[in-house]
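In this document, chain identifiers A, B, C, D, E and F correspond to the written order of the chains, with residue numbering beginning at 1 in each.
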Amino acid sequence: MGKIVCFGELMLRLNPEGYLRIPQADCFLASYAGGEANVAVSLANYGEHAMFVTMVPDNPLGQSAINSIRHWGVDVSWMKKGGERLGIYFVEKGASQRASRVVYDRKYSSVATSTVADYDWDEIFDGADWFHFTGITPALSDSLVEVCIKACKAAKEKGITISCDLNYRKNLWSKEKAGKVMSELVPYVDVLIANEEDAQDVFGIKAENTDLIGGKISDEGYVEVAKKLIERFGCKKVAITLRGSISASVNNWAGLLYEDGKAYKSKNYTIDIVDRVGGGDSFGGGLIYAIHNGFAAQDTIEFAVAASCLKHTIEFDFNMVSVDEVKKLMSGDGSGRVQR
Amino acid sequence: MGKIVCFGELMLRLNPEGYLRIPQADCFLASYAGGEANVAVSLANYGEHAMFVTMVPDNPLGQSAINSIRHWGVDVSWMKKGGERLGIYFVEKGASQRASRVVYDRKYSSVATSTVADYDWDEIFDGADWFHFTGITPALSDSLVEVCIKACKAAKEKGITISCDLNYRKNLWSKEKAGKVMSELVPYVDVLIANEEDAQDVFGIKAENTDLIGGKISDEGYVEVAKKLIERFGCKKVAITLRGSISASVNNWAGLLYEDGKAYKSKNYTIDIVDRVGGGDSFGGGLIYAIHNGFAAQDTIEFAVAASCLKHTIEFDFNMVSVDEVKKLMSGDGSGRVQR
Amino acid sequence: MGKIVCFGELMLRLNPEGYLRIPQADCFLASYAGGEANVAVSLANYGEHAMFVTMVPDNPLGQSAINSIRHWGVDVSWMKKGGERLGIYFVEKGASQRASRVVYDRKYSSVATSTVADYDWDEIFDGADWFHFTGITPALSDSLVEVCIKACKAAKEKGITISCDLNYRKNLWSKEKAGKVMSELVPYVDVLIANEEDAQDVFGIKAENTDLIGGKISDEGYVEVAKKLIERFGCKKVAITLRGSISASVNNWAGLLYEDGKAYKSKNYTIDIVDRVGGGDSFGGGLIYAIHNGFAAQDTIEFAVAASCLKHTIEFDFNMVSVDEVKKLMSGDGSGRVQR
Amino acid sequence: MGKIVCFGELMLRLNPEGYLRIPQADCFLASYAGGEANVAVSLANYGEHAMFVTMVPDNPLGQSAINSIRHWGVDVSWMKKGGERLGIYFVEKGASQRASRVVYDRKYSSVATSTVADYDWDEIFDGADWFHFTGITPALSDSLVEVCIKACKAAKEKGITISCDLNYRKNLWSKEKAGKVMSELVPYVDVLIANEEDAQDVFGIKAENTDLIGGKISDEGYVEVAKKLIERFGCKKVAITLRGSISASVNNWAGLLYEDGKAYKSKNYTIDIVDRVGGGDSFGGGLIYAIHNGFAAQDTIEFAVAASCLKHTIEFDFNMVSVDEVKKLMSGDGSGRVQR
Amino acid sequence: MGKIVCFGELMLRLNPEGYLRIPQADCFLASYAGGEANVAVSLANYGEHAMFVTMVPDNPLGQSAINSIRHWGVDVSWMKKGGERLGIYFVEKGASQRASRVVYDRKYSSVATSTVADYDWDEIFDGADWFHFTGITPALSDSLVEVCIKACKAAKEKGITISCDLNYRKNLWSKEKAGKVMSELVPYVDVLIANEEDAQDVFGIKAENTDLIGGKISDEGYVEVAKKLIERFGCKKVAITLRGSISASVNNWAGLLYEDGKAYKSKNYTIDIVDRVGGGDSFGGGLIYAIHNGFAAQDTIEFAVAASCLKHTIEFDFNMVSVDEVKKLMSGDGSGRVQR
Amino acid sequence: MGKIVCFGELMLRLNPEGYLRIPQADCFLASYAGGEANVAVSLANYGEHAMFVTMVPDNPLGQSAINSIRHWGVDVSWMKKGGERLGIYFVEKGASQRASRVVYDRKYSSVATSTVADYDWDEIFDGADWFHFTGITPALSDSLVEVCIKACKAAKEKGITISCDLNYRKNLWSKEKAGKVMSELVPYVDVLIANEEDAQDVFGIKAENTDLIGGKISDEGYVEVAKKLIERFGCKKVAITLRGSISASVNNWAGLLYEDGKAYKSKNYTIDIVDRVGGGDSFGGGLIYAIHNGFAAQDTIEFAVAASCLKHTIEFDFNMVSVDEVKKLMSGDGSGRVQR
């Protein structure tokens, strides 16, 4: 199998210990994370050759970002050094009725200011058979919109499968801008990933009979959403995560995969949350792994959902689980009995 | 609006990390707290001019106590220095069937040994329109009973609204002593606050059809309690918190406000607890803020309960939430979805 | 009453902070633990004269192991120094659907390589009226099988009560070997302890109508298991813990005691878990204490189960609770209200 | 006495624990600091009314910055909220031959992008008799050059004493730019502060017979530097810190004050360093306090140098010492005997 | 050899991490310590049967105090439970020119309020041949003066050797009171220990040619002090520690022993200090061990000084060294080469 | 340039925080280290292609070991999985007169039990031009002696330069055994590295006029040692580190290189030590880098000594410095001035 190329931003994530709020913190736990980097780490942990492409500043923080994913076996040979700064985001972990809060300080980052000239996609895609990016990357700057288009075109030409997670972030761009840009990018995409809010936010495609704040989610409604996405953009597969947020401490978690005119719904998990940031990315990582390894459709969505269920029990963005651990949960063992 | 004056003790709170028991602790997390100081910090976080009045020793611990609330914007110009020691209390956080445990080492504290001569209420109340204290303060020493009476009289003369949280502590004084002293103080009080146990402990006013250990709470019973308190002492408003303690990890939480012959019951919240110490004080802080800002009765009790619901998700005694965060929960969004 | 002698291994337990996985850990919390040592500490905390017998290496780690239980009042006068190394085990705390994981590095430990010549049971049992060991000890080495047999014989001769927790560990020995060895040892045992899996693993005695992964447990089935154990080996009492593992975060917990032809079932507790390692040992500690102090059969099983319920809320293997705390829970107060 | 107004940037300071390098850090200790804010905290600790003027973003980090100096009693009523981000700097603590390293991420900060319209100097200077800023502030942006000029003019008109610490930072601006801008600002300055490198970097005024890397410092040379600064800019007093950097762990530390044609040299201290960042600012704080309180010239320089000597033994930028502690050291007691 | 009985207070010691000052601390490291308990732990670490006698409150802190020295093998069978509180002291670790600071909060402690009726010296001294106390104990309360006198008399009658460390604490009592009380107690003492300040503070016996703040210490002067102490009180041996405090980070350390008309001076050590609190007590522990084990006079003082030199490199009050480690240093190996 | 292959053991290093002794530790900082792995990390940090060859167990600890050096860019494609356990060593950091202590628990490790069949040197050496190992590796087991011989022969055949650090460890083998084995291996070695004790311990070649405990080191003596090593074994270059251990806190550090009949002595550094474990390995890493990059002899020894001087200021075994940082120190700037 070929290598899987992920392109996006890698940031410094700073969060107070435990459930402290930011103004209570005397110390921030430091990790490194980003939507596409999280996927790359998932894939490396599953044994794939995952390469991450980005730009980081030429200072100790940029070096730390490189080390952070090289640590887990990600190929960093296309992490360039340049630009002014590493994006930072602060995460305040919520509990019960208090929501988690993310404060972004990612503007002016090295990757956001990088340009088409910085990436040689011919070289990057050498030996690759999969390309993954998310809607966050083009949201960072107009220059990255161009880079994404160029990368998609290059991938298409080489017959590389393209996956994209819509990942709408309202503080990075407006719904209008997102809709316009993503409408240009998604036609290149083979495997489209979205959460329960993205399709509506970006393309105005709303699920019927669903009330997210109230906690009601209609599977049927989301099957329709998937159908419409495929109709509009011609993707081969659409996968949607369905988070039922009971509170910041407990979530329901499931997903559905739509392909060849059929919908495959996963089991539902009720999760006591350790850290839910990166949950969607771990779904993407599981999904890509399963498709890349030829899993059947039902197994694919079960693998992706089980993988991301486990991610919610792991601190920080990266999903530190093995294929065996995901399969154990898929097969029904979520009893949590001590493994000695 | 005028400033809000809170009077009481500010202690050093020491608790082991996480769920460690005291004899397992190699380190104690240090914070500063006290029933009335907690209220003052809540109010300062809501943007009120909150002043805290007390006495602390003239040593680095006393200075730290001052800094701890100045940090959050409380007016400390009437925190006097004198006396022998800062009160200390140790908190061991419980979980599931194991109850949290508080070990007090607060005897002989500076404020407990302070006297009527130490406080110039004319000066303290300059510009104030609210005075708050709790039943803990007169429980600390006979000399503080006198100070409280003098403060209440001074406030009354100036037309300042007085609020009091009964806050009965069995290890500070007997029910008899508490009943006798509080019967002298409560007649000055406009807004009386109590939890589900206080009225019975202090005044022998029992809620019908209620079994606290068994977890059964009768709203009707507490409406009767509120009525009786108003009849006996002539307060304008009585607010009661209703904690249903399922375990040390999960509590139900609600409140009711009784005024002008009508009872207003809040929504009920089921809370995964981070730290429940200071929960009652955060209710007081929310209640005072809502009344001080002219909220309607139903909104008042909803604000107070939502504020204190959020407090249970925050480490240490102080309630670190903004008015907007409380209103978001009041308005029904307790889904805990990440705020990016 | 006489002293209670526990014999087995005392290891260094290393676990990452909080819910971190081992490859994420930059630091391991260090404690010391072992099946029989955990029982000894429980008993010392209840005020019993508990002695722990083992061998540890003559280096700072061996000394730390000694200190770790001397700290809690265990008699360490028969902790010998010798051999090559202290056994180590790593614990990764699970959450929700992710199971806790134990990695053993206990081979070649001082106690595993100790021999019959190292223990003078006449001297050790001087003043004792109870001897406790578990199935882990003979699993460590053939030489320890011999030591266990010799200890049992010596105890028997002196009329000392013998208790044994089957505690099957599949990575220490095969079911066949365990069955063979334990069939030789259990005939000496007066009080036999097992969890919901042991009897089947070691002796092939299966509970009917039970599916552990699926979370279904049949009390009747386990009464039959207890009966069969008594029939086969002639023990006086058999106690079985019944864990319903809903997830790594929440467990149901109960137990039953079978003696004189009657079964006594305890209350069931649903527990929010802090640390479940050592849960079975704390049951053993509570059981031995209750029998040693002449509790009635129903009180005995209630004490043992309440004690071990509390253990699940305490970090590390040792159960840090007093007799009063266990009795408070037995008597029905699991509401977790703050104890001030 | 009037209040002392300090104007500049307040940043988040992040440093790895102990002597870890940035790429080794899993956690950053969080404090807040800035050249002029450090001076304000020093002054508040000495009992002065110190006000700090700046702009911070309207998010939890901006609020934390405000809290951080309100904690120590600084008047924050002119800390405005606005702009995009809080400046950050990372500090890696050096040891022995390895130098400490500072990585700035302060570009685009709220204060750097603030403008003349954001500050009402008439209101700010109400009740003030001293204004302090450093060369870092105008280095941050052209817009801040304007603000500084406007502030100096306003202060001059009100007869307010102005102090300025040259504080050259080569990564913020070039020597040429610094020379040009500071030549415009220093003529307003009454009390000019510089370290052993600044005068040469900014104005090309070099001390004779001095080799900083080699550790040789000529007092005479620096007296000449002070003279020339006074001649060129007409300041009343010039104070220069003289750091003899033996290694990152041990420094010599002294200072000289030049006024009315005479030089006053302080004692020299050899310091085992705990944290030397903020050392120069603590000199400024001590100097301003001493002049503001009418100390004689020799006492002034001794106070400033003793204060900053103590700062080197204190973690983070703020100097947490009292007037009494500084005076004790000035009077010759640096023996470090335990104070019980 | 017989057991060694130490009598005094055991307190909770709280200190900020590293070199943080108390008002900077968010967490206090918790250990337990006290002048005589420190000696008992030293002795237990050397293999002696050391018993510690005191009273602690019957709460989790009192239990923790008991555990803290039982951990190291001290006999705690005469640590009684009673009284109101455990004494606390806060230690702020100094560095370089900044002195360490101790803040006591030990008034009203259980032991300070204990009385003659609480101690049965006949039983306590059963099997003992040495009794040790310090000048701190009678300084705590008049009731403890009585207890000390009674203990000394009982020891004398049984022919038990008595040692006493003068340990003058100016915040516990005045020099006059100390002089009066100690003049009554020291006549019972066989082995008297003092530091370079005590003899003058308590008895007005001043060493000639010595200037402690200036760092000058005259050995001859202290030989005279020792002589005078023996002449006045009839002790058999007097041992004096001689600390040359260069700074809070570096101290010179030596001692002298005077007996049978001859003075024995130890080597001098220059120490990079890790934690110097408890340094004097570790000298006492080493001295008692050496005399108890029949060391020659020169070896005795070398052992005591080497032991306490090592203590300065160890965190917290207790001296965690073995006889072999002390002898290695005595023999001249202080090169600090890694021991693999 | 070709890749540099390092072969040896990679262990889990556990050390208490700060200066705590092992029996005081509640937590061990976890890092991974080993003589040859340390060299590989140094080289990767200098930008070399460094490959590390070893065997680790197939469990989370083995995986963590792999991650630990992949993190820094070491090529781990020949880190095999197999065997029983990962070697562990505990490091207790000394201070002043108290020596650091290392407790090994490395017996039975995966690499120690690996055999000749586990390594395919043809494949490993593909593209390599340097092979490095130390005397620790053959000391681990007889089977590793064979592996080392086989690797040396394979390297020799391919014309690969071989370096070896004698690194004698007395607790791994006797001097006799070491002498015998190393006499077989060193004839293959081109670049031989030793510390001030190794040549005597392994080969009985003693430096004249040197007393290590007393701190006296004769350069001339070590030139003779180097000469003799070259005469006896035919190495091309011999490099010797010269540590003058003043105390555990302060060391003198220098080195000499002998080649082509000439000795090159480096500058001497006096170092305030942060962590000296791995100091020798960082010398090896610097030396190999300098030779591999064609530095002149004097520059080579200066680079190696400056690199290892810096290592002493860095926590844990790995040397986290860049070529630029080493060159800055070589060029004379050890003043430790803050780098902003």
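In this text, a residue touches a chain if its C-beta (ideal position, glycine included) is under 8 Å from a C-beta of that chain, and two chains touch if they have at least 3 such contacts.
Being a predicted model, the structure only gives us computed values, none of them experimental.
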Out of curiosity, which chains are bumping into both chain A and chain E?
-> B, C, D, F
Centre to centre, by mean C-alpha position, how many angstrom separate chain B and chain F?
-> 62
Centre to centre, by mean C-alpha position, how many angstrom separate chain E and chain F?
-> 44
Quick one: report the Å distance separating chain A from chain F, using the average Cα coordinate of each chain.
-> 42
Residue list for chain E, restricted to those that touch at least two other chains | 18, 21, 23, 26, 67, 101
Per the touch criterion, the pairs are A-B, A-C, A-D, A-F, B-C, B-D, B-E, C-E, C-F, D-E, D-F, E-F
Provide the residue numbers of chain F that touch chain C in the complex, in ascending order.
-> 14, 21-23, 25-31, 59-61, 63-64, 67, 84-86, 88, 90, 92, 101, 103, 105, 107-108
Chain E-touching residues of chain C, taken from the complex the two chains share | 67, 70-73
Report the residues of chain E in contact with chain F in the complex, numbered from low to high.
-> 18, 269, 271-274, 309-310, 312-316, 320-321, 325, 329, 332-340
Seen from chain F, its contact residues with chain E in the complex are 18-21, 23-24, 94-102, 104, 169-171, 212-213, 215, 245-250, 276-277
